[in-house]
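Working notes, beginning with the structure itself.
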Amino acid sequence: MLTEAMIRKQVSEAAKKARQTTPLAGSITNFVTVDFVANAQLAVGGSAAMVYLPDEARSLVRLGSSFYINVGTLLPVYAESVPAAMDEAAATDKPWVLDPVALGIGTLRTELLQHARSCHPAVIRGNASEIIALADLWKLSHGGGAGVRGVDATDTVEAAETAAIALARYTKGAVAVSGKKDLITDGTHVLTAEGGSPLMEKVTGCGCSLGGVIAVYAAVTDPFTAACCGTFAYNLAGESASSVADGPASFKSAFIDNLYTLTDKLDTAKFSLTEV
Amino acid sequence: MLTEAMIRKQVSEAAKKARQTTPLAGSITNFVTVDFVANAQLAVGGSAAMVYLPDEARSLVRLGSSFYINVGTLLPVYAESVPAAMDEAAATDKPWVLDPVALGIGTLRTELLQHARSCHPAVIRGNASEIIALADLWKLSHGGGAGVRGVDATDTVEAAETAAIALARYTKGAVAVSGKKDLITDGTHVLTAEGGSPLMEKVTGCGCSLGGVIAVYAAVTDPFTAACCGTFAYNLAGESASSVADGPASFKSAFIDNLYTLTDKLDTAKFSLTEV
Amino acid sequence: MLTEAMIRKQVSEAAKKARQTTPLAGSITNFVTVDFVANAQLAVGGSAAMVYLPDEARSLVRLGSSFYINVGTLLPVYAESVPAAMDEAAATDKPWVLDPVALGIGTLRTELLQHARSCHPAVIRGNASEIIALADLWKLSHGGGAGVRGVDATDTVEAAETAAIALARYTKGAVAVSGKKDLITDGTHVLTAEGGSPLMEKVTGCGCSLGGVIAVYAAVTDPFTAACCGTFAYNLAGESASSVADGPASFKSAFIDNLYTLTDKLDTAKFSLTEV
């Protein structure tokens, strides 16, 4: 069983290793926040590359140390490229991170997220509503309810706890639920983290770029620690940025600067740990 | 007939309502400035989501309170998704905002803007050249001339007045012409607004994101007031940002911060009102 | 033969002319950094427009004074639109800039870069690995070796010198190799430039946007001078921005501001010149 002290040590080591080794974490991600994803990945020490074609997705999975798939803004070619990337990651044992954005607004999105089931993402990151909806889609038994959802969470993080645990047990990876408090679980441990800023809801892509950052960390550590690293970094960077921001744009700038400077302090993050 | 005082009251109320209700204004918008559109929509209190597939566009129109369509960077799938969104908005009486970027540089763009004619956008926002070109395409009688145009206006706002009035009378909505001075009309009233900054021409997406912001306001008020809200917000935020900016990037950051902080002061905007 | 003094004079004149004439440099460029490309082009005085459809690409080449093609994130339609833009530029003698990103990760990318061979780009800009790989693809004899590469350079700028010279002699244009030191050649002269900041590697799109900026300058001067203008601007803006930045995001903001304010000082850039 993990202890708080062990987690603090592991996130510290992983953050350092990411900065030292510049791991390539390729992505298929949405067009709205792709620049933020790349810049956040670079800020924490990783290397970023984005593709959309099936053969390029397969190549990039093989070239990189991990991969990030965000189904935020689909184009027709995603029907081939997303499964290609998922399959290649599964076949080559590359850890990959899934961001199941806005499940329910179209048929392709549902198909892609259904396909993800057999490819076992190392980390699933989403808001509470997305995590509940994904557990439902994958027919994993849990306590929450779900419906058609947009990009914003209508459920609380607490309400997604059982769904998150069910998903983590199924994938044998980790699940990170983002919200006012954040929840991270590997199916055995449940960690609750605090920090961040209300301004993060006023900047598009905080969730997406967190997924990309977790993918960078997944290249250098286990899924649960990777999810902790990313979440802690976002909480620390957000809290610090909100103290100097005049609004959402200056917040975003300070936030990315902080990702660059604060990732050697991940062991100072506020969290609590329980077992299930 | 509207008075200046009525307009000041209406924009104040709409700005407040947007911040209180966080209306979802989905978009199909160009890839260059999509991040700016989303962040501007969030800054004024709205919620943003972007899609490109036809079925997702229909879903998002139904889920949201308004919609924004910008034809700035077309992909093949837009041939289906843009008409789908327009048709769904018309069928469900959702107010939608059209940004008729760069009419004339390709055949699909012309087809999509022709299709828009029967779907009656609540607000049309463009630069003077785009407004004149659209009135021509829709064969609405007006005093201006037009030709093939790029993304930058080659006509003055004044030259687009009759085209804007003709479009507004046809759609029974509002038209906002952006320029050094801005012109807003519902076919009966013509409002001329001042403010902003020359630096707005040095930042890509000020026009696109204004369209997205008008869509947020169109979710909570009538088209003419929505066009005023957005235009006033941009003039105030731009004027204030230019006093602290060292160049276009610091201007953009201050501008978005201002959208977040100044939208409770829309009633202080500079404008004059006439009837036609 | 060029002298240092001549180059300083030429870059000064070109920078001024770009600010005075606002040349339109259209682009087909990747989705990650498209906003940065457009904003950098505007900052140095140009006008920006991006397209993806074949007929729009042809129109935009004709409407503009130069063009920029970056093959960073391909979609299926690029199979038609990129060759269309290249062919139109060649047919109409418009100077165009090629950024051969990540050659080797997929078949379409290779085909497009092979097609570029017969369309003689005025300037080729890339990192050392991309320049070596392109010279190999085009079967130009040179001293370096090459392999499959990602988005980051694994070769030094010095190692790419012979490949750069070979490419420039073939295209009768210029080649700019970006790195810690930058190398620019027209096949006869080899210029080495200094400046910039290590933070430029922590911001996505510094290379892409440099390509777009060179395209702006290629509209108003010869290819070699255009490559110098862009490279000098990036070195000056980067060096100055690093002195005020707290991290990569504040660096990027200061950098774009500097592109806007420092382009009247391009003649102060640090470089040395040799002949081959």
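First chain written, first letter: the chains are A, B and C, and each begins at residue 1.
Keep in mind that, in the parts below, a residue touches a chain if its C-beta (ideal position, glycine included) is under 8 Å from a C-beta of that chain, and two chains touch if they have at least 3 such contacts.
Everything quoted here is computed from the prediction, not taken from an experiment.
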Interface composition of copies subunit A and subunit C: same or different, split at half: different
Rotational angle, Cα trace of subunit A fitted to subunit B, multiple of 5°: 120
Whole-Å separation of chain centres (CA-atom averages), subunit A against subunit C: 34
Junction residues of subunit A, two or more chains touched: 31, 35, 75, 252-253
Subunit A-touching residues of subunit B, taken from the complex the two chains share: 24, 31, 34-35, 38-39, 42-43, 47-53, 55-56, 59-60, 63-64, 75, 77, 252-261
In the complex with subunit B, residue positions of subunit A that touch it: 30-33, 35-36, 72-76, 102, 105-109, 148, 150-152, 201-205, 245-250, 252-253
